[in-house]
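Note sheet for the following structure.
Naming follows writing order (A, B, C and D), and every chain is counted from residue 1.
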Amino acid sequence: MARGALVLGVGAKSGLGGALCERFAREGLETFAAGRTKAKVDMARAFETVEKVTGAPPELVVYNAGNMAAGPLTTMTDAFFEDAWRVCAFGAFLCGREAARRMAPAGSGTLIFTGATSSLRSRPPFIAFAAAKAAERAVAHGLAREFGPKGLHVAHVIVDGVIDGELVNSRMPQIKQSLGADGMLDIAALADAYWMLHSQQRSAWTLELDLRPYKETF
Amino acid sequence: MARGALVLGVGAKSGLGGALCERFAREGLETFAAGRTKAKVDMARAFETVEKVTGAPPELVVYNAGNMAAGPLTTMTDAFFEDAWRVCAFGAFLCGREAARRMAPAGSGTLIFTGATSSLRSRPPFIAFAAAKAAERAVAHGLAREFGPKGLHVAHVIVDGVIDGELVNSRMPQIKQSLGADGMLDIAALADAYWMLHSQQRSAWTLELDLRPYKETF
Amino acid sequence: MARGALVLGVGAKSGLGGALCERFAREGLETFAAGRTKAKVDMARAFETVEKVTGAPPELVVYNAGNMAAGPLTTMTDAFFEDAWRVCAFGAFLCGREAARRMAPAGSGTLIFTGATSSLRSRPPFIAFAAAKAAERAVAHGLAREFGPKGLHVAHVIVDGVIDGELVNSRMPQIKQSLGADGMLDIAALADAYWMLHSQQRSAWTLELDLRPYKETF
Amino acid sequence: MARGALVLGVGAKSGLGGALCERFAREGLETFAAGRTKAKVDMARAFETVEKVTGAPPELVVYNAGNMAAGPLTTMTDAFFEDAWRVCAFGAFLCGREAARRMAPAGSGTLIFTGATSSLRSRPPFIAFAAAKAAERAVAHGLAREFGPKGLHVAHVIVDGVIDGELVNSRMPQIKQSLGADGMLDIAALADAYWMLHSQQRSAWTLELDLRPYKETF
């Protein structure tokens, strides 16, 4: 029976989601990827696909959605605010509920949520994003308290800095030049950290892990 | 020209919302109340009503919605999770945006959000509520950072304890007996604190105020 | 029998300590002031003086010591680091223990500690100060948890900004000019906040109060 | 030239300090241990010893002191409160300053502080310990902000739970029985986490790592 991993919120091939898939596969997990799944049916299907192919629920799931939604508040539309929530928080809930239903009964497994600086601090122009990420973090913490004692490792990663390789926008080459070679978060190093969380034995689990480049101010 | 106040999320007459209305009216503000307004149109109308009657935007607005949504995660419906968010977080956004549009240009005014213990800590069976309140808090903090320097006082009150007078459920009489006379939050004392926030001069504003009965463990 | 107040850590007459004394006296309390009291004997004597004159322990005590100790770490002396701790944290402990012994048995009274931005965040060149203020905050929070349920109101005020009237240094006039009239914390407004904390009824107490000028970034 | 590690605050052989020494040695570092060093001279000597033997400053230093000082506040002696500070906070300062002087100029290296639940939350009967650990955490965070950008990785580990193998007291066998096989923190798992922190590349550093057994409530 194969051991499965599921990475949700995989965007551009060059991003963190892709690097996680590659890393988990290299570790011998049958790895499945899905884009942002904001709907109930998609989430169940994603977990079911893993189960069908591997014969068991995934042992490692990462909810990696985010959109860095930014904009001035006074002209922000309802849809913009709601969409940030739907991607980060509602999706996290759907993923967490599915993991609680399918993974927790087995008494083992890892569920990791990708957070951001905004998960902890709400600053303009990122109010919608911060509200969504704060909600996602609450989902992660609540899940950890409820399902940790049942053997499901829930972790929340605070990604604090610019991720190298993610095409945030066209200014990236300039940003990279100004920050220097390791002034941005290396996606392979991020993937190492996620894998480390999955590798922790349950006698010493981490709930919240912050990751930032050495030059990053905070 | 009258000075106006607007209290949103007024539920049972005996609750905090009602006490706030009474208190603001006693202080001489023309006070308007509205229930939970989760829709764009309702929120604009609520602010407009104040403007029509008093000739100016409200000088004090309280967003006081909450539902203490509780339940086990594995059987929680999508609608349940979304509704908690819509009441606490989306409504807070709508209210904040309206205040930003109408009150901030005047360079003064107060906007207060009612938070809860769950705003800071996500614990089962309150995951949906905690996710919604964490998002609401992020809205409040982001607004404070963006509009505080423009003269709009944004505050977030952490109500930590059982509010006396709010008919939470039928077990209240027993709870009251076990906690004792001032082991619950007195709504008049809460109203004092909200009024105090509005009375602060802008040289020394409070962003976050926690209020709990002296016996409350935390 | 007179009601007494005790303000510890009163420095320059123009500072917060002086303003607190003035305000408490105006409210009818027999008010006593003392400088930084880092020694056991001084602290006991300060409380005893109040008791001798008024016939009872003080009903309101403020521990208001701080030195904003700043300097580069590599050349910081042992004495410098220790002195910051002795002023802020050890003095707070002495004050708290004295209050616990003398005020808590009466089942009422207020004990307020003056904190700072550095109480929550440690940034160079304020590492020694931040370490001292973080320790002081822990003293305040521990006292609140232990003696709050016994009727002693313990509060911690986060003073976040430059206090107008405190002669921080010779650059103050320029700072004042750049921040504007109410870009600094008004000491009368601060004194209002301390008095408000003392006035709270025990059904709705505040543990931590942040105060900052509307223009302050945070 | 050998690569050196220094572990400060090594207590019982069976404790975390001993396990760290063993682990670092196994990874090929020439590892040195010292007990709690509360004095300036001891700290300098400890670092110098490493330099003399290996020809370079240590590349990895752990400040691992703590005493879980517990007691009722009203009868707590000055010496008791001060000693907790001296062990946890003053020692951390001495260690951090020495690392800043000797390791930071090389532009690399890792400095890890062992924190505790009390680093974040002050609860009786641990007020003295909490004040000391909060100060130590402020030292760690301040160092991270000052010396991280210079290439020194500063991290703070929140050890949240009972460490298996540390002889806290005679009730340990009963505690162990009630918590179960992995209801306590395994020291080898803790040592893994410290080594992982040292292994992180500087493009993605962790400042604060929490570690707790899966059954631990928090």
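The criterion applied here is as follows: contacts are C-beta pairs under 8 Å (C-beta built on N, C-alpha and C of every residue); 3 or more make two chains touch, one makes a residue touch a chain.
The shown structure was predicted, so the numbers you read here are calculated from the model rather than taken from an experiment.
> For chain B and chain C, which third chains touch each of them?
Both-contact set = empty.
> Any idea if chain A and chain B meet via the same residues, over half in common, or different ones?
same
> I'd like the Å distance between the centres of chain A and chain D, where a centre is the mean of that chain's Cα atoms.
The separation of the two C-alpha centroids amounts to 30 Å.
> How big is the gap, in whole Å, between where the Cα atoms of chain A centre and where those of chain C centre?
That pair's centroid distance is 42 Å.
> Chain A to chain B: how many Å between their CA centres?
31
> Quick check: what residues of chain A touch more than one other chain, meaning two or more?
In chain A, the residues touching two or more other chains are 145.
> With chains as vertices joined when they touch, what's the shape: line, ring, star, complete or other?
ring
> Please give the residue numbers of chain B that touch chain C in the complex, ascending.
Those residues of chain B that touch chain C are 145, 148-149, 151, 153, 164, 182-186, 189-190, 192-193, 196, 200-215, 217-218.
> Over in the complex, which chain C residues touch chain D? Could you list them?
40, 73-74, 76, 78, 81-82, 85, 89-90, 93-94, 96-97, 100-101, 104, 118, 121-124, 126-128, 130-139, 141-143, 145-146
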